[in-house]
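Next come two complexes, and both contain chain A; in the first it sits with chain B, in the second with chain C.
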Partner chain A sequence: MVTNITNFGRSGLSDWLMQRISAVILLAYTLFMVGFFLLNPNLDYAAWSALFQCTLMRIFSLLALLSLAAHAWIGLWTVSTDYMKATGVRLVFQAVVALGLFAYVVWGVQVLWGA
Partner chain B sequence: MLQVSVYRYNPETDKAPYMQDFEIDTKGKDLMVLDVLALVKEKDNGMAYRRSCREGVCGSDGMNMNGKNGLACVTPLSEVVKGGKLVLRPLPGLPVIRDLVVDMSLFYQQYERIKPFLINDTPAPAIERLQTPEERDKLDGLYECILCACCSTSCPSFWWNPDKFVGPSGLLQAYRFLIDSRDTATRERLADLDDPFSVFRCRGIMNCVSVCPKGLNPTRAIGHIRDMLLANAT
Partner chain C sequence: MKDKRPVNLDLSTIKLPLSALTSITHRITGVIMFVGLIFMFWALDVSLSSPEGFETVKTVLQQNFLAKFVLWGLLSALAYHCVAGVKHLIMDLDIGVTLEGGHKMSQAVVAVSVVLVLLAGVWVW
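Our next item is the complex of A and B:
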């Protein structure tokens, strides 16, 4: 068996499944957002902030954010193991991606629960 | 006259590979590409390529003809020649030994890895292990593979990770043993495939299906393996 330590889950199967599930969640979130914008053509700050006052919306948004991070990590990890043959380059790339995604998640939580 | 451009490389004398042009007189016949190669060899005896059965059975003359992998012996000129020109290259992605001959070690290593033989830990019956016709039917479309490597060497995932991704040919064979009713090592076989590379590097672009000279469908087999992994894990 080929072994790995930097992939997302425990196995290729879990990565693959996570990639599919996160894609579905992101699709649902996107559709919801598009629908919301269509139903509220004259969107103002009050309506927008009211939407995010709702805990359910915050949870949904966090879920989408985590899905985005997982999806991006699995995808970019795959790309890096396909095309970056020098270990140093690959490691630096993976570190930058991981740090970036981590920062986005923390920042996202701050935005969602901050105001 | 047919313009034939052939990939030449002799590591003992050439610093780098180059393309050599030949004018071949096909006498207006729709020859097989392998016949054309024989005519090329008449002009240049040093030209190296593999062939054996010359009827699509042995799998030794897989090569890249006008950009598409296939068996030279069963590919008529009318199928590949565009604008009176034929470009012959070795199978992509594998090290070239000489001219159109490639080193297939990586391909065979992946084949070896999937344990291409029946494993059965139950006591052997007196005569043979029987299979129902239905059980036997499941092997159709799988056992016919002649290991020509046309599929795996047309697969980008195999190009990037030939040491880790089993490749379409190996996976087709992996599935052939996974669903054989006489094999009892299903779990062990699945466990050996459940990493991010062996199976899951397949991106489903189906290059393998489009080139298989036997009309087999590795992508479908890979999908079945994925389903089995999923069923096994949940």
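Our next item is the complex of A and C:
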């Protein structure tokens, strides 16, 4: 049996479930943001920053941010294992993705709590 | 499970029916968003940093053609990825998991996405 060591949950079933859970969270966040922009066509800085000062919104945003990292990792891992046959190329690609996602998480946390 | 199963993922040698095209587009839009997130994170960061930053992002997104095009592209990728993702969730519930059902669902994904992509374009411009 092939043993994966770079996938998210070390099990295909666990990755499958995590991909669905994170997808639903990201879909909810997307619909919320689109709804917010549609309901506030003349958005100003005060209302925009007030939204992200709200604790509930920070919880929702951090949840979406972590879901994004997990979701993108599982998705890009799948893509890389399907199309990149050379182990070296695949590992470099996965390292770049992991580093990129880590940077997004840190950047996102900084934006959410640094403002 | 055999260790060395014959696997052919050379896309240039595989005939791609509509369901395969919608599947590969789902993957492509995912990769596009991973890269495009830099732009969205930049916009979120600067817009929340100060009132001046907010005005900067607002001006760029309202007046710079390239920025508007990128925004439209990312919204389109997001819309398609969401619609194709919802199709996955529906099929996970064992709905439409037949050859004919898969084809119809793929047609629905294309139809709904085209509408959303056009609406996104109207929204941005």
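What we mean here is this: the second predicted complex is superposed on the first by the 114 of 115 C-alpha atoms of A that agree within 3 Å, B and C clash if a C-alpha of one lies under 4 Å from a C-alpha of the other, contacts with A are read in each partner's own complex, and residues count from 1 in each chain.
The criterion applied here is as follows: a residue touches a chain if its C-beta (ideal position, glycine included) is under 8 Å from a C-beta of that chain, and two chains touch if they have at least 3 such contacts.
Small disclaimer: the values here were computed from a predicted structure and weren't measured.
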Chain B versus chain C as contact partner of A:Gly108, first or second or both or neither: second
First (chain B), second (chain C), both or neither touched by A:Ala23: second
Chain B versus chain C as contact partner of A:Trp48, first or second or both or neither: second
Touched partner set for A:Tyr83, first chain B, second chain C, both or neither: both
First, second, both or neither for A:Leu39, with chain B first and chain C second: neither
Which of chain B and chain C A:Ser11 touches, first, second, both or neither: first
Chain B or chain C, by number of chain A residues touched: C
Which of chain B and chain C A:Ala72 touches, first, second, both or neither: second
Contacts of A:Gly100 with chain B and chain C, given as first, second, both or neither: second
Touching both chain B and chain C, residues of chain A: 1-2, 82-83
Touching residues (chain side chain A, partner chain C) in the complex: 1-2, 20, 23-24, 27, 30, 44-45, 48-49, 52, 68, 72, 75-76, 79, 82-83, 97, 100, 104, 107-108, 110-111, 115
Sites on chain B touched by chain A in the complex: 157, 160-161, 164, 191-201, 226, 229-230, 233
Chain A-facing residues of chain C, complex: 1, 3, 9, 11, 27, 30-31, 33-34, 37, 41, 44-45, 47-51, 54-55, 78, 82, 85-86, 88-89, 92
List of chain A residues in touch with chain B within their complex: 1-4, 7, 11-17, 78, 81-83
